[in-house]
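Report on the following structure.
For reference, chains read A, B, C and D in written order, and residue numbers begin at 1 within each chain.
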Amino acid sequence: MAYNHKVELSKPERFVGGHRLCAGCGAGLVCRGMMRALDEGDKAVICNATSCLEVSSFLYPFTAWEDSYIHSAFENAAATCGGVEAAYNVMKRRGKIDDTYKFLAIGGDGGTYDIGFQSLSGAMERGHDMVYFCYDNEAYMNTGIQRSSSTPRFASATTTPSGSCSVGKKQNKKDLTEIMAAHNIPYVAQTTFLGNFKDFHEKAHRAIYTEGPAFVNVMSPCPRGWQYPTEMLPEICKMAVETCVWPLYEIIDGEWHLNYMPKKKLPVEEFMKLQGRFKHCFKPGNEWTIEAAQQYVDEKWEKLLARCGK
Amino acid sequence: MAKCAKDINEQSPWQELTPGGEIYEGGTARMTITGEWRANIPVWDPQKCKQCLLCAPFCPDASIPVTDGRRGEFDFDHCKGCGICWKVCPFGAIDFVKEEK
Amino acid sequence: MSIRERISGNEAVAYAMRQINPDVFAAFPITPSTEIPQYFAQYVANGQVDTEYVTVESEHSSMSTCIGAEAAGCRAVTATSSCGLAFMYELLYVASSSRLPITLACVNRALTGPININNDHSDSMGARDAGWIQLYAENNQEAYDNYLQAMRIAETPDVRLPIMVCQDGFITSHAVENIELEEDEAVRKFVGEYNPEHALIGRETPLAVGPYDVSPYYMEHKVQQAEAMKNAKKAILDVAADFEKTFGRKYGFFEEYRMEDAEVAIVLIGSTAGTAKACIDQLRAAGRKVGLIKLRVFRPFPGEELAAALSHVKAVAVMDKSEGFSACGGPVYAETCAACYALEERPVMVNIVYGLGGRDVATGDIARVFDHLFLLVNNGGKGPKYIHMGQRSSAPEVF
Amino acid sequence: MKNMVEIRWHGRGGQGAKTACLLLADAAFASGKYVQGFPEYGPERMGAPITAYNRISDERCTIHSNIYNPDYVVVVDETLLQSVDVTHGLNPEGAIVINTHKSPDEVRPLLRGYEGRVYTLDARAISERTLGKYFPNTPMLAAIVKVSGVLDPWRFVSDMETSFKHKFATKPQVIAGNMECLTQSLKEVRG
């Protein structure tokens, strides 16, 4: 069914205000969008990795979730979710429940790319009927902006600060979306917050309503960690896509689909210059960092185009 | 034992708290008034608003209520004043100003 | 009618699991508990159970899976040993603090390192403060019987705590012995159905589990957990009483063996109790008043009851099959001493750390412990209190 | 302990010594005894020396230690005689049974001065003859039953038939061979 923005936005809110995420936090947008992608009438259980989101959305006795929710630890959202799904299967089989439930795991890049990676990989391999959403804000924000394997090269984080002898993080960002695609699960996608949220919504909906495991990677800017004024979030997301730093694509049953081709691919500095974490890259003498970042994006983009048959 | 979040507070004795910190209802975070965090406030002009609803999904705090395809006044109990809605409005129907408290 | 059989301790636990037909089994192999998920996999393959059998990629995920499944309103079980239990460590706390009555079959094995696959209690003793109920078995019969009682104890509404059913790796897990099994129907009737009031799925209202707990709530939740562990004492005895009524075998917090007039006694846990009983029979035949207390329940710790049982004894050797590295004794010793502190007249108490990493203990070793206790009775309790037994040494040692 | 018999098995990983030990426990259990059958485990793999134990008695044995003074020893692989002190602690009133084509007198010099009874059985020959393959554990099981007298041999044979019928329910053609293997072994033990 075609995306109808007004209809989708008129649904009852399933991730409510009153949570304690920072003003302008991208994670809140992922949660709202993810829950909106559920068909009305379908119930859900959310399994949350320890993260900014967790400590902000279920601070006893206040839950921001209208649906059942479980947080167990930092590194095991996927396995916990698998356990809930297993319980559902057996309860269904034994005729103990009639309702349809969907199982959504959600973690930040720390709980997904790094400490929770084994748990995620295992759950996806086992084929649980669940979706794992990663709200990727490219560092351990909950503990104070330490680098993760998702932090892009040259970003300044509190454990990879820029300094007279440092231009920020030394390594490139791990490509988790590709790694998840290599699990040969039925659905993998990456998206972010754009325009009327059509891209996000359609991917979240497809992920939830694909039988078997699915993974959605959502670039979710963090104003504090990326050092930008809160209201700049939409612009940053737009630039991530227009520069091809964060291409929109999905892998359906092993087939790669590019969802958006920029009319004119913008230089990567258009994305970087909006954020304080790359500020040092623009200092005289550090021009090479931007060149290197550009080269990396270009290489990745060409590979992606080839994979998507473009 | 208290069953509802509204009956639980920092004066509740241990016998009154739910075991393991469970909560048996959804959306109790609404009781938290995060609107107090705000320094700047969005101001909506219904006259200029074309009801395109581009602002609504961009609110991290679910503070732009939408009913039957039309948005209403901000939920100032929960709006933290991030200003994203002001930025995404294509029609200048949302202003973003310092809040006088 | 009981069924006369001969099976190993691992098979006994797997057999109990089959009879109970739990909702979710999260499986990951580790020696010596591996056979339990293997037996169970065969039950699944043969259609003898309709459990959701989840073959996870690690023990960390097996406990996580159990947490998710139990919170969803199901009976979730797993089995592990040693490093596997250690890998679950954080989740053990999550399970107990979230008040999820998960059942874990722990086949005790030395905790690395150096790596060693044989028996001691360092794995479960390391987890003793994780908020789990812990039952220990002397033999395959007790492993089976404890397993049948475990869920009812754990799921008691004012308890709601996870439970670890322990037995000694290889010594009982891989030893075929005679056992009395119960009929499937009788077991199912005894164990009953699990229908928690609140669950993540299948209830009118949603459930949220695992909050961030700020200081004004955290302590209250810990007090609740502590109360639950106290309540577990009653639940353990209630379930044992019903078990005895149903199946005829009697259980309590501990077993007293020839303690009535004992002058000296040993306190220990697990399979060594059987070896000690054989030794005690020999010594009693020679007219020596020796006895044994075999702890079945270590969490909750039956301190008052244990102190009462030891109150008439002159000297006690508390034998720990794990090193606590406290430099002053193992965990069973520390807790037994603490319990006996309230006695007006306390026995002389020594700690003997033994059997680490599968170091074998024969009846002769136990006899030497009793000899030492009589020596202490006669010398007024002089000498070291923290003793290791069974190691080679280039210096003179107590044993 | 009334009438308790303790047996120690020596074999190599993968040869079935542990299985034979458990089968003996099964057979003794079937005849109404209290049994223990347990292997001593290490991290070793196929081919490494392994030890397994049986206790068989008329009442429950609670002892859970290894066996240091066995009444009987079974050696499933004669090459172990070079490297393992198989008669260590063996009761001089008891006996040892060795899988070899040699006679008891021929192997006695390898037993480090053991003065008790020595029995041999050519398990390879019997096994290859009756089963078409080398499975030493079935012949050695029969041998220890006969030598120890812990079970009535013919009652044992009939119990084993029941057990084989259960074990080989899907391939009944192998039952006859196994039964033949047992009976020939009982007859051919040399001592």
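Operating definition for what follows: contacts are C-beta pairs under 8 Å (C-beta built on N, C-alpha and C of every residue); 3 or more make two chains touch, one makes a residue touch a chain.
Keep in mind it's a predicted model, so treat the numbers as computed, not measured.
Trainee: Return the chain whose centre of C-alpha atoms lies at maximal distance from the corresponding centre of chain B.
Mentor: D
Trainee: Tell me which of B-C and C-D has more C-beta pairs in contact.
Mentor: Of the two interfaces, B-C and C-D, more C-beta pairs touch across C-D.
Trainee: Per the centroid of Cα atoms for each chain, what is the distance between chain B and chain C, given in Å?
Mentor: Once rounded, the distance between the two centres reads 50 Å.
Trainee: Averaging only over C-alpha atoms, locate the centres of chain B and chain D and give their separation in whole Å.
Mentor: Distance between chain centres: 77 Å.
Trainee: Just curious, how far off is chain D from chain C if you go by their C-alpha centres, in Å?
Mentor: Computed from C-alpha means, the inter-chain centre distance equals 34 Å.
Trainee: Express in whole angstrom the distance between the two chain centres, defined as the mean CA positions of chain A and chain B.
Mentor: 23
Trainee: Would you give the residues of chain B that are in contact with at least 2 other chains, written as numbers and ranges?
Mentor: In chain B, residues 21, 23, 26 touch at least two other chains, as defined above.
Trainee: Which positions in chain A are in touch with at least two other chains?
Mentor: Within chain A, residues 58-61, 63, 65-67 contact more than one other chain.
Trainee: Could you list the positions in chain C whose residues touch two or more of the other chains?
Mentor: Within chain C, the residues that touch at least two other chains are 98, 206-211, 213, 217.
Trainee: According to the definition already given, which pairs of chains are in contact?
Mentor: The list of touching pairs comes to A-B, A-C, B-C, C-D.
Trainee: So in the complex, the part of chain B that touches chain C is made up of which residues?
Mentor: 10, 12-14, 17, 19-26
Trainee: For a test of understanding, state which residues of chain D touch chain C in their complex under the given definition.
Mentor: Per the stated touch rule, the residues are 1, 22, 25-26, 29, 34-43, 60-66, 68.
Trainee: What does chain C use to touch chain A in their complex?
Mentor: On the chain C side, the touching residues are 23-24, 26, 50-52, 54-58, 60-61, 64-74, 76, 90-91, 94, 98, 200-202, 206-214, 217.
Trainee: Tell me, which parts of chain A touch chain B in their complex?
Mentor: 5-7, 9-10, 13-29, 32-33, 36, 57-67, 193, 195-197, 223, 229-235
Trainee: For the complex, which residues does chain C have touching chain B?
Mentor: It is residues 97-100, 160, 198, 205-211, 213, 216-217, 219-221, 223-224, 228 of chain C that touch chain B.
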